[in-house]
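Dropping the structures in below, format is structure tokens.
Below are two complexes that have subunit A in common, paired first with subunit B and then with subunit C.
Let's look at the complex of A and B:
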């Protein structure tokens, strides 16, 4: 007999206000339907009424776990529309800050994910303490704790403060040690392994078919990373390789993210070592910006959650239309497909491993 | 005293018999039992009034309920750095029936209002609301959006506002301290 149950929109494990309507037969999921829209506020429409550089705060609130990544994607779109070159040093600093943001985002994901699969608030407390150390670095570089708004056309709002390199090195050493500790702790836990291994399997073909991106795609063994395939800034000069796992289950996605933290640490170190001297400041907001030259631009970026594509039709002073391909929206669409046939308790292991941010899904 | 043998009728009438026994034993005393119990309850009420208030102020259980951005800072508030439990802002409860305080963290959309209302109705009285962040206070940057309620105070009574976008977890800590003072009667509305 098939029973229909409702989960959410307020549920401690849905990471926001996701509502799931699930048909279950005994303890097996027959059909899962995500209902979204509880956070919809029409960002794309609001942006059309704002001048170009009034919009970054709105962009940051899309993905509030990794705000700077979205901010940067938007500013890069505007830069492309205006045909502005980014200064050399600003490119290096942006790369480094984006990777720091990726580390912070993955650490938050790890804490909440471990919460969902039974490591009740132990790993959460640890990762939040470590995330805070990384956030403090970002605060130092940009002046804010959560919503940075530090990208300007052609550069940044400010250069790195003196002594930043040494402190960043210290933090990177610390995080590297801690990541190893998390892995040792979690993978020694039979509970964690039972709930992650072989759950929510998405094979290579299905992953490509569903259009998922980011760590979810790389967990299914597809070698696609925007930083490598459609490179931007100084990623081609830095030494890193996309992390792949071929299993396609929740554990593979977890492992990919853990390896990505390590890669990001390496990228930050490389970027700090090779950073050129010079000017990194962008245009102040108060000046009238150069009006947009290119009518239609699109920029794709690798966010911590997957590929974001910003497509903009540009008017001289404000966007005529901005369309955002949100990574988590597409990843959420994969959820009903891969959770067919799993147990009811595994729904949250799957939703956690997809790393959903509802602000990004609903826009 | 010898226990009497089991008797079904007597078993069924046990309550009557017990009250008869109590009445008989109480007849020795000068004050009647009703009066005595009334006085006792008065004394305990007077004693417990302060006690209840004291314990209510010092054990506020927030509801685990995050809407958007500010929920990240709310999670940080619950983590080890702030260590909110030392002042009695205890562990986040997953069900509204066990919670005293609802921290509305994030923008309130029109589709979310019925859900928030239902959560609020499920909480036991006395219940408190903290509006955390710019969006929950007044709509914030989404003021012009077509799907946003301009502050949670348009639908539910708010006790403490914490402003900022987003406020730091320390600010929420200060907000909780203010709520404590309000419950304790130190500050008025």
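Let's look at the complex of A and C:
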């Protein structure tokens, strides 16, 4: 007999306000249908009524786990529309900050993922403490702890404070040690492994067909990373390598993210080592008068959750239209496909491994 | 150190003070004993509720409760008062009798089972020949009562939880019975006092470590402690069979949770760690000390394990626990009996 259960929008492990309508036959999922839109704020429309540099705070609230990444993607779109070159030092700092943001985001994901498979908040609390260390570093660089708004046209709101390099090195050593500890702690547990391995399998063809991006795509063995394939800033100089796993199950997605934290640590170290001197400050907000020369622009960025594409039709005063391809929106669409035939408990392992942020899905 | 033994045998003290004899004296003794043990259970629940919060907080790098009282010792009292002051909501679809009666029945059953256990050579109410069997027969009713509750609440999550409860019963009950049979074999009977006396030389945990492992795992499943909190799985089923249970009954459910932990730790201590036996300290204190250490271990397991999936538990029960319990039975027979 098929039973229909309604999970969410108020439920302990739906990461916000996701609603899943699930048909289960015994303990097996027959059909899963995500219902979204509970956190829709109409940001794309709001942007049309604001001047260009009034919008970054809205952008940051799209993905509240990795706000700086979205901020940067938007500012890069505006820069492209204006035809402004980013200063050399600002490019290096931006690269480093984006990778720090990626580490913070992945650490939060790890905690919630462990919770979703039934870890009683232990890993969650640990990763939150470590994420805080990284956030403190970001606070030093930008002046805010969570919603930074530190990108300006052509550069940043401020340069790095003195002594930042040493502290960043310390934090990176700390995070590296902790990531090793998490891996040892979780992978030593056969219970964790059997909850993750072979669950929610998405093979290579299916992943491409469904259009998923980011760690979810790389977990299925597709070598695609915007940082590599459509490179921006200084990723080329830092010799960046995308992290791949070919199994396509929850464990592969977990492992890809863990390896990405390591890769990001390496990138931050390299960026700190190769950082050129000079000026990193962007233009003051008042001076902006975008030329309407490049009317239609699009910028693609690798966010912690996948590829974000910002498509903008620019007017001199404000954007005529901004369309955002949100990574988790597409990744969530894959969920109903890959959770067919899995167990009821696996729904949450799968939703955890997709790393959903409902602000990003609903926009 | 005999004075503690005298102090805790207040049961006979009251009846002798009132100059009672015969059946009346027995009844008064039993009542006084029941009240004393109930106070002990409530004290354990309270203290352990606090210890668990603090321990898990320590493991997770938090502080745990700090505001209410010194080191937050009054936090549980505050929670208790808050829960009792909340509104009681009966879901429309719920079967009134089944939904409301089950949690009090389970609590009463748990307290009754604890009353059957011996706390020290002088502090015991019943000393029947088949004590151990009686306890496990009654204990295996628990999942069925949970099933009734979950089914009666009319909530789909609670219903799934109720079904899981029965599946769990299938997976761990058979190995558990084999281990109890082995314990009875080794002790030469199911009398709990004889069982403890039989461990005066070697604790059963040393004589049959495999049996202890199986029993401990099955007990974790019986007590709904992680990694076997499949019925209550809060990330999946919100709160399982407790999803629609509101404040006053939820308070009882919390009491039930810790009382069951007390019962489980007591059983482990009596069956495998020699019960009250130990040097210098009085027997009653030894037993409580062992219970404390076992409960503490169960807490650490809670903070460090990932929840098992229900189909995996069934697999684990039949492919690992059952063969292990049989091997334990055969080994014990070959080594110690023959």
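Just so we're on the same page, the second predicted complex is superposed on the first by the 360 of 363 C-alpha atoms of A that agree within 3 Å, B and C clash if a C-alpha of one lies under 4 Å from a C-alpha of the other, contacts with A are read in each partner's own complex, and residues count from 1 in each chain.
The criterion applied here is as follows: a residue touches a chain if its C-beta (ideal position, glycine included) is under 8 Å from a C-beta of that chain, and two chains touch if they have at least 3 such contacts.
Quantities reported herein were computed from a predicted structural model and do not represent experimental measurements.
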### Task
Check the residue A:208 against both partner chains and state whether it touches subunit B (first), subunit C (second), both, or neither.
neither
### Message
Looking at A:147, would you say it contacts subunit B, subunit C, both, or neither? Reply first, second, both or neither.
### Response
first
### Message
Under the stated touch criterion, which partner chain does A:129 make contact with: subunit B (first), subunit C (second), both, or neither?
### Response
both
### Task
Would you check which partner chain A:57 touches, where first means subunit B only, second means subunit C only, and both and neither mean what they say?
first
### Query
Which of the two partners, first being subunit B and second being subunit C, lies in contact with A:119: first, second, both, or neither?
second
### Query
Looking at the overlay, does A:12 come into contact with subunit B only (first), subunit C only (second), both, or neither?
both
### Query
Which holds for A:296: it touches subunit B only (first), subunit C only (second), both, or neither?
neither
### Task
Return first, second, both or neither, reflecting whether A:37 touches subunit B, subunit C, both chains, or no partner chain.
first
### Message
On subunit A, which stretch or stretches are contacted by subunit B in one complex as well as by subunit C in the other?
### Response
12, 124-126, 129
### Summary
subunit A contacts subunit B in the complex at 9-10, 12, 16-17, 37-42, 45-46, 49, 57-58, 61, 64-65, 108, 112, 124-126, 128-129, 132, 145-147, 358-359
### Task
Would you mind writing out the residues of subunit B in touch with subunit A in their complex?
64-69, 71-73, 75-76, 79-81, 94, 106-107, 109, 111-112, 115, 119, 141-142, 144-148, 165-166, 168
### Message
For a test of understanding, state which residues of subunit C touch subunit A in their complex under the given definition.
### Response
56, 59-62, 156-157, 160, 226-227, 229, 233-236, 238, 302-312
## Note on the structure
Within the complex, subunit C is touched by subunit A residues 3, 5-6, 11-13, 24, 27, 114-122, 124-126, 129, 185-186, 189, 191-192, 194-195, 343-348
